[in-house]
Each structure stands twice: as structure tokens, then as C-alpha cells.
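Just dropping this structure here.
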Amino acid sequence: MDGLNIPLNHILLVSSLLFAIGMLGLMIRRNIIFILMSLEVMLNAAALAFVAAGAHWGQPDGQVVFMLILTVAAAEVAVGLGLVLQVQKRFKTLDMDHANRMQG
Amino acid sequence: MSETIWLIPLIPLLSSVTLMLFGSRLKVSQIGILGVASVGIAALLTLLLAVEFMQNQQVIQLSLWIWMEVAGFAPGISFYFDGLTLVMMSVITGVGFLIHLFSTEFMERDPSYARYFAYLNMFVAAMLVLVMADNLLLLYLGWEGVGVCSYLLVGFWYQHNANGHAARKAFIVTRIGDTAMALGLLLLFTQLGTLDIQAMVGEANQTWQVGDTIPLIACLLLVCGAVGKSAQLPLHTWLPDAMAGPTPVSALIHAATMVTAGVYLIARTHGLFLLAPTAMTVVAVIGITTSLMAAFTALMQTDIKRILAYSTISQIGYMFLALGVGAWSAGIFHLMTHAFFKALLFLGSGAIIHCLHHEHNIFKMGGLRTRMPVTFWSFMIGSAALAALPMTSGFFSKDQILLQAYQLPDIGPGLWMAGLLGALLTAIYSFRLVFVVFFGKANTEPDKNTGWRMAVPLSVLCFLAMVGGWFMIPVSEVFPASDGSHPAHWVEYVSISVPIVGVLLAYFIFYSGRLKIDGLVNSTLGKSLGQFWFSGWGIDWLYDHLFVKPYYGLANMLKGEPVDAIYGLIVALNQTFNHWLSVAQSGRMRWYLASMVAGLILVITLAANLSVGVL
Amino acid sequence: MLEIVFFYIAATVALVATVMAMTRANAIHALIYLIVSLLAVAVIFFLIGAPFAAALEIVIYAGAIMVLFVFVIMMLNLGEKGDKQERQWLQPSIWAGPAVLSVVLLIELVMVISQTNGPVSVTAVSAKEVGLALFGPYVLAVEIASMLLLAGLVGSFHLGRRYLERDNLEKQGGQ
Amino acid sequence: MVMINLIVILLVGGLLAILSERISDTMPRKVAMGVVLVDLLYLLVCLSGMPDITQLQAPVASDSSSWLMHFKAGWIPAFGISIELALDGISLLMVLLTLVLGAIAISASWTDIVVRKGFFEANLLWSLAGVLGVFMSLDLMLFFLFWEVMLIPMYFMIAIWGHENRGYAAMKFFIFTQASGLLMLVSILALVAVNHGATGTWTFSYFDLLNTEMAEQTAHWIMLGFFIAFVVKLPGFPFHTWLPDAHTQAPTAGSVILAGILLKTGAYGLIRFAVPFFPEAALNFSYPAMWLGAAGVVYGAVLAFGQTDFKRLIAYSSVSHMGFVLLGIYAWNELALQGAVMQMVAHGFSTAALFMIAGSLQERLHTRDMREMSGLWQQMPRMGAVAMFFVVASLGLPGLGNFVAEFLVLLGLFQVNVWITVIAATGLITGAAYSLLLMQRSFQGEVNKKWADYGLADFGPREMLTMGVMMIALILLGIYPQPVLDAAQPVLQSLLELTATPALASAEAMQ
């Protein structure tokens, strides 16, 4: 292990930045498509942190969790996009602020 | 015979149950026969029993079964029979039979004929249980039983709200006394460990000294019960209203039998009262006060039945006086004679009411002497006995009471004088009734006359009211003997002459008109006093404002369930919180996200502070 | 040394691409920036010795999932009007507050991360090792993931089918 | 095994009732009636082989073999939870009462349920099964389970088949009972935990938990938890407010079960658990409890007097009557306890009958408002006579069951405290006031023209039969209560011995 390797905290920094950007996107966008994209960014940031941690100790566990995150993301997107279609059909808009009635 | 005394109350009871279950399917004549015959058989059995008792003077104690047995508390369904019981049973079955017979004609047209006889028979059964009970709890059963029957019969014509009101009043007012009496029972059992009257009295004499507090309290509680049932001050207000029932009912229940139950109770437990002289004085004072109050009130009434009702209250006051001064047998004797002549008077008034289209006001009657001779003579004899004119039954009994009262040290002469005043008033109001109703101008024509079923009981009762004073009641074994001394002769002469004076006064005022009292009556004082007496000394008004209205008010105030308000407060609190929290629940995604991030920041700050120690 | 340089380049690309993706008005443009970002992250994975993860990132994330997005955007057919609307929504007044929150969070994260140090290892963790771990100690997680996928499958099928049915109904109603 | 069968018959019977609705509309009620009668018969047959309960030795509460029946099987051994059922005199009385009143309740709802009959009868049977379980369980976890089992069907009965304001009433009932049930659960767990701390074993068994040693404060608080849980059910003042609403809104059968049986579970719980578990704490608490009881007697009576709703009046009269039970239990001597048990039985019949009359009136007049009644005797003399009987029973006429109960309670109470007795005794007067008012406003008084051409049907044979059963029961209880007293006596004796710790003995000596 020489000092020329990539420092862990830099990777984590990147991960944090990605996460923060994703979160910002989540908060400022009103379009459901963008909200879903932001979610993907955040998930990806988390995955990056895991993989980095796994790499830090040279263990496969980080990548295992990455795969789990991948499944979650896939399932979430599948259902989320299905919902997008429904919302568009029902409310004729993708604006979350308009589709805020809990029932119906 | 002695083993079958339980048949006596059972037969009327069975008849009553039969009438209740199958009354609607029986013919009127069958109902009448069943109702009358059952009491008749009971009366016959009582007669047989009396004959047997006269021969061997044997006290019968019969236990049918143990009612309940808990931790040493084991009252039985058991009967006790002695001279006192015999007197009471004779009155109940004998007078009861006559009144039943009278009722068959009086109630003939009533659609609820069967119900009437069912109640009346049940009353007889309950009353018999009351007097035959060996222990106070069984007595209490009879006591409440007659109360319920009285309630049912007073409110017999339930279609009129006033009757229902009177019935409820009768029940609830007596219930107040009954509850006190129940407390007395509790006290007696707790202290003495039994409610069997004989054993209890024996135990009491061993446990307590004369003048102790506990027997005083126990006796006063029993007196409360007696006062309620016997319509004495301060619980007498129900009796005049109870006249709403059919007149034979008034005769049986509210004159001859049930209202004297209080007298019976005190006489039966006299062994306790002898331990509490103060209680006896209280009884005497209650008796005489009630007697006078009721006599004044009777003077002013215009409703024939109310006059008789107040007269009953007054006469029972005499009995209480007798009990209070220790003239036990005189009290019971007066109870018996009173049963005869008051039943007679009530039945007579029933006959009048029956024949005069249910007219109750005596000033709308008049001149009935010639048109209803049987009734007239019954009333004459009954009133004479009530006024205690010499040689009538009432004379003997009342005379005994007054003489024994006189002999009491300290307050004796005072009681005697008050008693004389009462006797004077009694003579005046009873003959006022006779003169107003039977003499003078006829105001209402009778539309029918009495049939034999009314005439026979009246005649028999006439006979009894005349000669009842010569009967010897077999209670010498029951009560301690009086000392047998006699007061001075002038006392006796005065006692005899006072009622005669009263009758003469009534004659001059209400018949010949030689004594003008219009000026007196119409004066301001006379008017207000008359009004005061008429209203029964305003006691009803007082109770109404003191108890009844506040209770209604309380019930109305609480009706909405104030306790629920506490739980309502919890609900309101929850709703407030809900309101606050639901403001945050705006449904706007970005707001949720922002608050989530804020929360995240908070959590990380905390977590970092706590575990890592950074920040 | 080379790895470090590559890492910083990839990181920069990822960050810039993500920012671009978050701020585009046009959904397709945003999506393409997002794919770039994902690819850059895949490069980082590769650099820190996780080639299997990098492959999956490209195949599934950048490939499958993003294609889903593309399909849906095509179905929605947002067009020019949607872009205008998006631009209108991206006012500073709207994003200022959230931006502050995000920055605060970021600062916190950075401060926590700064406590850690040490490099990552360059020895690659092979796909075989990952597979052994997956079907060894993590077998339960695999089961759960499979169930999740099944649920996602059923859910999206259900939602999508109702979408189509409704469509058909409306068409019938229209006729 | 008999006890398990008793419960299972009812549970299965409920399912049969639901299924039988497919055969015909009138089938469920017949099935339900049949099931309850079979259950009752089964119990009686099984009892006939048993030793005479009145001759039975006093059951030692800590020795299960001295009980009439005892059954134990493992359930969750890890926590010491088992299926433990047992039957002694009091349980037997309550079980018999439950089954008899169950049959009566089914008869009461013979015609007035029109929708989802099968489900209704099923709920009724399930509730009965829960009640049986409550009366027989000796494992506290099982007890709690049955406690819930009996309440939930009752909630449905009120919420689905109730009257106009059923939603509110059902929710109130549910919240009160659930809150108290939770309190009970917490108390049970606390007791078990304390026992675990003392002995090191986890057990929910009644016998093991008796004589658990604990600090005075702990005992006090846990006892209070049990007390409130049971008193809400009883219901005692001031936790009674769910009852008038629930009773008023419940369908007739629901009211009958609720008043006749469910209230008794509270009293049973107090006698069986709340006092024996914490004899000293209960003794220390007996005065507040008795004052609550006396307050309930008076308060219930006054409120009953103010009501205009027929069922509401009866409901408040229940509050008043159950006050006597509370008094009887906390006077805790044999007389008063016998009175309390007696009151549980007698009140079961008298109030059930009054609710049934109320139900019949509602069915005929479509109102419960007494201001619109009056003079109904004219058209329905049989119903009037029956009502009169139960009204005088409920005001405590000697010769009927309620009197025996009230008198014994007062007698026992008098030995403990005179003034509470005096206050409770005023309940006799106020009881007469509201009872007679009920009679006056509905059956007596001027005949209301409104109903003249309604063609009101008097009680028919089915109703008279049902009422006759209850009347005979009350008369028997009134003039020969000894069998009931004998059945309860050994149990009460053993409970009294159990609680006669030195501290209590000295307290009694001070009396």
C-alpha cells in the first residue's frame, strides 16, 4: 500500500457530493421523471460509497451491497415509471404539486 | 291445623297467579268466585286456627325451608303464630273476605276485573306473610310485597296520569321508610346475629341495657319503616293521594290492613322498644302529633275519600300513641276495631260513589238518608264508632288508649289532653260528613242502589263495628301486662263526654245551622288557617320544594352525563394535536423532502455528537 | 499515479454531468447527462478494484434502467411545452432554500468523512469472490432481492396493464 | 377437554351459522339457537357425572386438582404460557348464566335482524365463546386473548346492526374496552415480570402468580391497573360512560349479552384476579373502591331518573346495580361477596329481560323515546305485565333475586362501613323512583292515540317463553337462592382464606 493510491475519503467526498446534488434535484424538481432521476443519482452515490468501503478493506461485501442497491433501483424504477404513466393519464400533468391528493 | 298454616297465605297467592296467567280466558263470574273463594277459604282456615288456639293457647312455629344461608345469616321461610298473629290474620282474612265480596259488585263493569282480583289476592297473601313471618327478613318480604300491591292497586286505573303519580308517590314515600327499616335490619343482625324475632328480642335483652344507644338507633330505624307504611308524620303524604285507587282497595289496604302494618311491626318488636324508652316517647309524640294534624286537615276536606284518608292517618296516630305509652294491647285492639269501622266507612263511601256516578265531593251529595238506607246506617254506625261514642267498638279501644296515656308519668296528661282534642275533632269531622252527605237537600240522584254483594259486607261490618268492642283479643301472652291501675273517675267521664260534645257541635253547625261559623270561616285568619289545614299543613308543598323538585333538577342537570365531559376533553385534546400535526401533512412532496432532509441533518448531527464526537 | 489522475478526471466528469442532469429542462438531455455520470462512476468502480461492479453499472444502470426512462419519456411525449414549463419551475426562489439545506448536509457529511483516512486497495475483488459472498453469507439478501424484483415486476405489470385498459376504455368511449 | 369443547362448539357454530345463511334466510338463527342449546346440554351432561358442587371441598386456589374441572396443555412454553382452563363454583355459575342468556339473546334477536343474519349470529356465538373463555381461563395470557375475543364481535354487533348513532357508540365502546384491555395487558406483563424477578421463571399461570412477593408500591400500581381494567368493564363510576351509548345503540341481542354477561366479566375479574393477587394492596384500596361503588349506585340511579330514552334508562340502572357488585367485592367478606355473585346472576336476568322488552318496543314503535309512548298496557297487556315484573325485580322487591343480592351486599358492607352502607341504601329509594318512572312513562299513563291504529302486537308464545324462563329464574333466585350460594360458597371461602394474610387479619381485628 503506497501513498499513491486513491484516498478513501476523496471517493467518499465524491459520493457525498453526488448525494447532495441528487437530493437537491429531488427537492427542486416538480416533474416526476426528474424526481426519479434524482433518486437514481442518490442511490448511485450510496452504491459508490459502499463499493469504496468494500475496496478499502479488499472485501467483496461492498459489491454485494452494490448489487442489492441495483435491484432496489431497478424495482423502484419499474414501479415508479409505471406510476408516472398512471399519473400522466389521470392528472394530465407530471407536476407532483398537482397530484397531491392522498385519495383517488 | 298447626302444620298447615302455610296454606293460608298460599291459597290467595295461587289464586292470584292463576288470575294473572289465565285471567283473560276466564268469565267474569269465574274470576269473582276464584278471587273471593280463595280469601274465603283462607278466612275459614283462620277461623279453624282461632278455635284451636282458643282451646290450647299454643304458639306455633313452623319453618318451611331456609331462605338463604350465608356465613351464619340464615333467615328461614318460617312462620310464627301467636295471639297477635291471630288478631292480624283474622282482620286480614275476615275483613279482606268482606271487601273482596264487596268488590265483585263494585268492579263488575271494569274491563280489568281479573287483574284487579289478581292484585287484591296477592295483597292478601303478602299481608299474611307479613304478619305470620317469624323473622324480620320474611316480614320485610311481606312488607315490600304489600307495598308493591298497594302501588299496583292505587295505580289500577293507569290511564290517568294522576293515578300513576299517586301510586308512585305511595311507593316511593313508603320506600324511604322501608330503606331506613332495612338499615335497622342490618344493624340488628350485625349486633345480634339473628333476625328471628323471638331469638333476637331474647338476645337483645341479654346484650343491652335499657337506655342504650344501639337499641335506640335500631328502634328509631324500625320506627322510620313503620312511619312510612302507616302514613305517620313525616311520611304520611302518600296516603291521601293513594285514594286514587278503587274504593274497596282503600278500604282494605289504606284503612284496614296495610297501613296498620307499622303498628304491627312495633307491637311485634316491643321487646326491643322496651329497651329504648326514648324511642317509645318518639313513637308517642309522632302518634299524637300526626293524629291532631290529620284531624284538623280532615275537618277541611271536601272529598269524601280524603276525609276518610286523613281520618285513618289520625286513628293510626292513636295507635302509635298507644304503642308509645306501652299500651300494646290497647293499640292492637284499636287496630282491630279501626279495621272494622274504617272498612265499613270506606265501603259505605264506595257504595255512595258507585251509586252517584263516581262523585267524590260531599257538598254535591246530600239527602241520601232515605234513598240509600243501608249505606246511611253503615255510615251512622261507622261514624259513631270512629267518633268513639259510648258502646261502639271505637269507644272501648280509644278509651283504653287515652286512659293509659294519662297514666304515663310526666308527659302523660299532656298526651291525654291532646288525645281528647283529637277525639273532639274526630267527632266533629265524622259527623260533619254524615250530616252533609245524608241529610239536607239532595244534590245528585243515585242511579242505582246497592246489590246484595255490597249490602252483606256492609251489614256484617256494621255488626262488627257495633260489637267489636266486646271482643277479647288473645294477646295477653304476647305483651307484658299493664299494672292494672286506673286513673281517677273524672278522667274517664271526661273521655266519654268529649266525643258527645263533638257530635253535638257538628249537629248544630252542619245540620240545624244554629251555630253560625261563617263569620269565623270567612275572616282573614279563618281563611288562611282553613287553607293551611286543607292543604294538609302544607307538607306536600314543602316536600315538593325540598326534595322532589331538587331531585328532578339534579336529574335534569346531570342528564347530559357530565363525566363524559372528561372523556370529551381527551377527545378534544387529541383533535387539537391532530390539527397541529395535519398542518405538516400538506401533501406536497417537496415539503416532505425538505423536512426529511432537515430531519436527516438533525439525526446526523446528533449521531455524530453522540458516537463519533465530531462536529 | 495514473489511477489517481484518472480518478479525479472521472470524478469531475461524474459531478459535472450530474449537475447538468439535474438542471436540464429537457428530459432526454438530462437523461443523457445522467448516463454520462453513471459511466463516470463505473470508471471509478473500475479504478478502485471493483471491475464486476463497474460492468454491472454499465450494463444495468446505464443500459437497462436508463433505457426504461427513455421509453417512458417517449411514451409521455412531453415535447417543447414541457421544456418551457420546466424552465419556469427552475427559478432561484424555488431552489435557494433546498440548496441551503443540501449544502448544510454536504458540509456535515464532509466533516464526518474527513475523519476517515487511508487509501483503497488496488487489488481487484473478482466476480468470483462476489459470487461466493452472494450465495454464501448473503443468500438471504439474495432471496429478499429476488422477492423485491418479483414485486417490482408484478407492480409494474399491474400499473401498466391498467394504463392500457383505461386507454382502451377511453377509446371505446370516444367512439 | 370438556371446557375446550364448550368453546370450540361455539366457535364452529359461528362458522356454521354463516354458512347456513346460504341454505335459507331463517337458518342462521336456528343454527345459533341449536348450537347454544347443544353447548348447554353438553355442559349439563358432563356435570351430571361430576361430584355435587355443593358437597365439594373448598377448592384450594393454589391446588388445581381440587377444582371441579382442570385442563392444562402447553402453548408457548418459552414464556410459560399454557392453555389452562379450570372450572369452579363461580365459573360454573357464570358459564351457565352465559349459555342461558346466550340462548335468550338469540331468541331476543329472532326477528329484528334483517341484514347479514349469518354473520350476526356468528358474532354473537363468538362473543359467547370469548366470554366462556374468560370465565374459565386460568392462564393470564389466555385470559387476555379471550378478553379480546369477546369484545371484537361485540364491536361488530354494535357497529353493523346498531341503531341510528351506532358508529359513535361502537367506537366509544371499542376505545374504552381496548384502552382498558391494554392496561390489563400491561398489568399482566408487569405482574409476570415481577414474578420472574422473584422466582426466576416465566409463568402466566394463575396458581403460580398467586402469592407473588412484591414491594407494596409495586403491588399497588399493578393492582390499580387490574382494577381500572376491570372496573371499566363492570362498569364502575367514573368509567361507565361508554355503557349508556353502547347499550342504547346495540341491537337487542347485543344489549342482552352486553348487560347480562359482558359486564359480569369485569366483576369476575375483580373477584378472581384483582383482589387475590394483591390482597394487601386491595385492602388498602378498598375504601376508595367502595366509595366509587357507592357513587356508582347513586349516580347511576339519578341519571337513570333523568333519561327519556327507554334503553338509556336501563343502561344507567345497570351502572347503579353494578355499583352494588363493586361494593360487595371490596367489602370482601362472605356475605358481601355472596351478594355480589348473586347480583351478577340476578342482574343478568332482570336487565336482559328489560333490554329485551326495550327491543320489542323498538321493533314495534320504531322509537325508544318514552315521551312518545304512554299507555301501552292497553294494547299490550302481556308485555306490560312482564315489564312490571322485571321493573319490580330491578327495584329490589323481596322474593326476587335482586333483593337477595342487594340485601346480602348491604349486610356484608354494613359490617365494614356503616356510612357507605347508608349511601348505598339510598339506591333502593332512587332505584324505585326510576324504575317506576320507566313503567309510568311507557306502559301506564294516558293512552297515546298515536299507537291506537298501529295494531301493536302483544308478546307472542316465543317471547313469553323466553320471558317465562327468566321470570322463573328470578323467582327461584329470590325465594331459594341456596343452590347459587352453595355453588359459590367454597370458592369464596378459599379466596377469603387466601387473602387472610396476617396484615389483613390484624386489620380485621381492628374493625
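Note that the chains take the letters A, B, C and D in the order they are written out, and that residue 1 is the start of every chain.
The criterion applied here is as follows: a residue touches a chain if its C-beta (ideal position, glycine included) is under 8 Å from a C-beta of that chain, and two chains touch if they have at least 3 such contacts.
Note that the structure is a prediction, hence the values are computed from the model and not measured.
> When the centre of a chain is set as the mean of its C-alpha atoms, what distance in Å lies between chain B and chain D?
37
> Would you mind pulling out the distance in Å between where the CA atoms of chain B average out and where those of chain C do?
Taking the average C-alpha coordinate of chain B and of chain C, the gap between them is 96 Å.
> What's the distance between the Cα centroids of chain A and chain D, rounded to whole Å?
Comparing mean C-alpha positions, chain D is 60 Å from chain A.
> Hey, how far is the Cα centre of chain C from the one of chain D, in Å?
64
> Which residues does chain B have that touch at least 2 chains other than itself?
Correct list: 590, 593-594, 597.
> Could you list which residues of chain C touch at least two other chains?
Within chain C, residues 98, 101-102, 105, 109 contact more than one other chain.
> Could you classify the connectivity of these chains, where an edge means two chains touch, as line, ring, star, complete or other?
other
> How do the chains pair up in terms of touching? List each pair.
Pairs satisfying the touch definition: A-B, A-C, B-C, B-D.
> Which residues of chain A touch chain B in their complex?
23, 26-28, 30, 35, 96-97, 100-102
> Which of the residues in chain C end up touching chain A in this complex?
Of all residues in chain C, those touching chain A are 1, 3-4, 7, 11, 14-15, 18-19, 21-22, 27, 30-31, 34, 37-38, 41, 44-45, 47-50, 52-53, 56-57, 60-61, 64-65, 68-69, 72-73, 75-76, 78, 82, 86, 89-90, 94-95, 98-99, 101-103, 105-106, 109-110, 113-114, 116-123, 125, 129-130, 132-134, 138, 141, 145, 148-149, 151-153, 155-156, 158-160, 162-163, 166-167.
> Which residues of chain A touch chain C once you look at their complex with the stated criterion?
1, 3-14, 16-25, 27-31, 33-34, 36-38, 40-41, 44, 47-48, 51-52, 54-64, 66-68, 70-79, 81-86, 88-89, 94
> Note which residues of chain D are touching chain B in the complex, please.
Touch residues, chain D against chain B: 237-238, 240-241, 244, 299, 302-303, 305-307, 333-335, 338, 375, 377-378, 381, 385, 388, 392, 397-399, 403-404, 407-408, 410-411, 414-415, 421-422, 425-426, 428-429, 432-433, 436-437, 440, 443-447, 479-482, 485, 489.
> For chain B, which residues are in contact with chain C within the complex?
Those in contact with chain C are residues 590, 593-594, 597-598, 600-601, 604-605, 608, 612, 614-615.
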